[in-house]
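Both of the next two complexes hold chain A, though its partner changes from chain B to chain C.
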Partner chain A sequence: MWLFALPALSINVVIILIPALLTIALAFCQWDGLSMPVFVGLANFNAVFADRVFWIALGNNIKWTLIFLTVPIAIGLFAATLLLLIHRGRTLFQIVYFMPVVVATAITARVWQGMIYNPNTGVFGLLQRFGIELADPLAHTETALYGIAAVDLWHWWGFLAVIFLAALRQVPQEMVEAARLDGAGFFGLLRHILIPAIAPTIKLMMVMTVIWSFLVFDFVYILTQGGPAYSSEVLSTLAYRNAFFEFDLGRAAAVALVIALFGLTATFAYVRLQAREGAN
Partner chain B sequence: MMSSRISRVLTYLILTLGLALALGPLLLMLLNAFKPTPQIITSPLSLPNELDWSNFTRAWSDARLGETMLNSAKVTAMTIVLVLTTASGAAYVLARQKIKRWKSVSAYFLATTTAPIQLFLFPLYFGFARAGWINNPIAVSFIYCAMFSPFAIMLLRTYFIAIPKELEEAASLDGTNQWQLFSRVMLPIVSPGLLTVALIIGLYCWNEFLIASTFLQAKGEMTAVVAFTLLSGQYSSDWGEIMAAAVIIVVPILMLFVLLQRHFIDGMAGGSTKG
Partner chain C sequence: MTKFTRSLSGVAFAAMTLMASGQAMAQTVSWWYEALTPEQQKLLDDKLVGGFAASHPGVTLELEYRGNAVENQQRLALMSGGGPDIINSNGPATALATAKAGQLLALDDYAAKLGWDKRLIPMFLSLGKVDGVLYSIPKNYEAMGLFYNADIFAAKGWTAPKTVAEMEALADTMLAEGMTPFVAGNAGFRPANEQFFTVALNQLAGPAAIREALAGTRPWTDPVFVEAMTRFKAWYDKGYYGKDYFSTSTIDAFAGMVTGKTGMAPQGTWAFSWVKDYFDPAGANAAFTSIPVAEGVPYPLFPIGVGSALSINAKSANPDAAAQVIDYIFSGDFYGAVVPQWQGEWNVPLADLSGIAMQGEVTPLYKEATTMIADAIADGSYGYTTWTFWPPRSEQYIISGVEELWLNKATPEQFLAGLQEIFAGELAEGSVPPLP
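Right, the complex of A and B next:
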């Protein structure tokens, strides 16, 4: 019977597990990708932690996590609850809300860059002519990260709305009706019935948000490449630059391990959380 | 409490606002694909004066969309075949707990779905470079298979679990061997699941950027999405042309999505919540 599982398992081990183990080893070596790797102990980690850009990137990842733990989850939950209350047109709303998820990140990035943020060809430029001063957020150090986050937010909230709606539809309709007869308003209903009922789904999405927030790459790389002046750098773009532009594979591997550590912590926290809930 | 009529109007109003938010950028993309850049500058919001297809012809030749979309299609098709053939077998034995270590194998696949690409990217790239597999679409389809098959396995597993055990027992009483049982009895039953997996993996491959731009850099092997990002520098850009290229790459996918939306939504939602 192992023969059935073997092809999938061996492809996965060769492409992911073995290179991942090599990355762990690489983090303790100096390597330019060509010559023989040289063992250097913790030197890569020391260099990474002494680098100002690493701390900017880590800070940006943490800001990113905080934004995505709150804003899209709140919007998604709000939209899903409204969808639960209506009957006509629900499918149409769901399909349209989901559409941005289907569009390639590279295309979403360019549409926002050119048609919305751009001071010449975008909506921001148009608004400037009406006296509403809106600078291109991607061009300024204080706003670049938030400009990118807004694009990712647009692409992401609809997915959460659809997932939360799917979970909400499992909540027994009698509970909702009973609460409404008791005079619960929209937000009362949300707080006392709906959110507790779908708490497992919300928690899972929050864990995934932490993991995904440390993986974010495409939007940053395409929109700003981490600039201007490293203001939107995140760990994944830093690692990529270390590896493919500076050919410092040891440092890239060290940064990659830091990224993996956050994902691992989030997964571990979630498993603990589930075990505790299972015990109750 | 608000009267139910007002609250219903308010609900639809807010939901329609969300609709406009989701569609807005996509409509801007479509509108401006038909305008010459000077007209985009005067007004990105206006309707095009006429249906000007010149952006599309320029986009087609500059991003070599005929060739690069064919490259994307090849990698996508190879990955779908590879994922379906390998993931279905694994999903079957894991769903039926037919192997001793099914628990640890499941846990392993679960772990790799959350592994950051950067954790395996660098040794993989330099290993492939040494083996001469850079700019090789087959090699890339194996990478995609490794990345996406854990998701496919988890999704397909739920389809296999839903098949009643009695069916399997009856078939094995008739004297079919394991392989016949799997390929002639089980696979046809889970074919809706196979379709869903094929669609979602296809979407991921068609849209994928990081691996494609790292492993397929040669002009002749580049995918459409990568060629698209090369259309513009950071500062000066022909946005009419870029939007036209975007329309060519994304509209077929959006149409497929609208047509088969149940499969996409259920699959993507199921794969990430049951994970």
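Right, the complex of A and C next:
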């Protein structure tokens, strides 16, 4: 049995376990990436927790998680249910919904930044010329995070819709038919039959959303690089700046451990939930 | 000695002879380079690799284009005992850290033997020294000055401002005429913030006060800096940097100067390539001069920066050959070949440009500007750029701190207090680059 597991285990040890252990060790060291690391105990964590930017970034990650736990899941579920109920054009709609997911992040971000939000070259600028005052959300501290989240949501909800549709299609058709005969409307069907039937899929997606939300980096970095004035800073952009611009890799590793902590908590909660459901 | 050991010795001797003759025959010098456009790569392949090969038979320069993360790749390679022969750092601060980690070769002997100490501007050589030992040499230098549209200024009867008071009066006139006074914007490139900070700090507080602060003898919370930052913030509030600063890229704003949408550009000499891209096709005429200064600050004034610095890997197998490559870069032959094609990028710090035969047309504006800057440096009339003279954490703080200052998240006093705290820590660690 061990021989059978060896290839996958070796890859995991080399690619995941060793770098993970090194990151944990690095969080307790001062290292500029050039000289030998020096053990400094909890100094990196003390510095991170004393840094007001860390708390701004953590707050933004929490806001981001709350947005992605609700908005795209609600839209995805709604769209998937509509797709379940129609037959003509279902494949076409699935392709259209899924298409933003396969477009490269850099392209999506640049299109939104230059062709939609931009007050000179984008749709917002065009609307301004017609008297509709729409400010570039990426340029203001109050809206920058939400402006980025809107781009990510546009790219993300279609993926959830397709996943939820796949789960909904496993629900026995007889149950749906019976509910309809009993007079259930669209929302009744959704609430009493479909959502309970695909609850494990929804829970899994929610756990993954928590993990992914604390790892968010690409859209933030391309669109605002955490600005203006730290208003869209998240933990991963903070760690990136610590590591590659300030050359403080120990501090970056400490921030990375905080990110991992949230992911681990979400995973642990999911495993407990699964175990409880299994026992019932 | 048995027959077997005799045979083994013979094979070993033959192998050593072959290796030695191979070394004598051809040496390879490796250099990892950042991402370039295909045209730029072709230019370097022709003028640098090809030009060097023609004058140095027996040494091959291998330029490897490794993308924008080349600095990080190089750090990891150096840490593991590898890396290219020529180390290209992002300026003196990075070179300082690499030298302190023992990963760079001392260049003093090469500088004396190959005459770099006579050929290069002494101020720039001093930037590469750590505890008196030379470890890096600027590949090029840049200076912040003021670009403007000469045609528009002439048509409107404006002259280039020499004082901050004149600059403010002109900026107010531009605002009244619907122009954005400064070419500015940070969309897609937040470090643009530090360029505007650099110009404002130098022109308002003056290089003498900045030098004292960089040396640790004057705090950043000093009233001279508070006053400078208060005025810098007022300029943003008045709209000198434009109402769409965070949505505009500096390059787009620079292009707007051709049509009179934007007024004047406090920019680095790298913007000469933008002049070529936007002014020349439109048949417009650009002009370049010193940044205007406040009362008591010397004029002309050009804050000086070093975008990259060259060193030799301490573990290089071919250090002499690597020194030959660096020597070629600081030759008149290479300067004359590359500068007409790529103005602003290969502004190597040669002390005397008068005898160099240029292989192509160099615009009169560029010639005039480089002479003006060289004269100012010789007179000691230069300032300090954040990306060259500030250590990394302080520099990063400034990039975000400028936004906090402008967007009312921090007062000038709070912004400078934060800078002082971070800078003092880095000064104590010895991370502040050497000052000229």
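Definition applied: the second predicted complex is superposed on the first by the 269 of 280 C-alpha atoms of A that agree within 3 Å, B and C clash if a C-alpha of one lies under 4 Å from a C-alpha of the other, contacts with A are read in each partner's own complex, and residues count from 1 in each chain.
Heads up, the rule we're going with is that contacts are C-beta pairs under 8 Å (C-beta built on N, C-alpha and C of every residue); 3 or more make two chains touch, one makes a residue touch a chain.
Keep in mind the model is a prediction, meaning the values are calculated, not measured.
Considered on the superposed chain A, chain B and chain C are sterically incompatible, since they clash. In the superposition on chain A, contact of A:G33 is made with both chain B and chain C. When the two structures are aligned on the shared chain, A:A150 is found in touch with neither chain B nor chain C. In the overlay built on the shared chain, the residue A:F245 is in contact with chain C alone; chain B does not reach it.
Of the two partner chains, chain B and chain C are each touched by A:N118. In the superposed model, more residues of chain A are touched by B than by the other of chain B and chain C. Looking at the shared chain after the overlay, A:A254 reaches neither chain B nor chain C. By the touch criterion defined above, A:V176 reaches neither chain B nor chain C. Of the two partner chains placed around the shared chain by superposition, chain C is the only one that A:G226 touches, whereas chain B remains out of contact. Remark: of the candidate stretches 75-83, 327-335, 345-353 or 417-425 in chain C, the one overlapping chain B after superposition on chain A is 75-83.
Where the contact sets of chain A with chain B and with chain C meet, they give residues 33, 118, 120, 244. Only residues 32-35, 53, 113, 117-120, 136, 138-141, 225-230, 241, 244-248 of chain A touch chain C when the two sit together in their complex.
The touching residues of chain A, counted against chain B in their complex, run 1-5, 7-9, 11-12, 14-20, 22-23, 26, 33, 79, 82-83, 85-86, 89, 93-108, 110-112, 114-116, 118, 120-123, 125-126, 154, 158-159, 161-163, 166-167, 183, 185-186, 201, 204-205, 208, 211, 214-215, 217-218, 221-222, 236, 239-240, 243-244, 249, 252-253, 255-257, 259-260, 263, 267.
Touching chain A in their complex are the following residues of chain C: 72, 75-76, 78-79, 97-98, 100-103, 186-188, 190, 244-248, 252, 392-393, 395-396, 400, 403-404, 406-407, 409. Within the complex, the chain B residues that touch chain A are 1, 7-8, 11-12, 14-15, 18-19, 21-23, 25-26, 28-29, 32, 37, 40-41, 43-45, 82, 85-87, 89-90, 92-94, 98-99, 105, 108-109, 111-112, 114-127, 129, 142-143, 145-147, 149-150, 153, 178, 182, 203, 206-207, 209-210, 214, 225-226, 228-229, 232, 237, 239, 242-243, 246, 249-250, 253-254, 257-258, 261, 264-265, 268-269, 272-273, 275.
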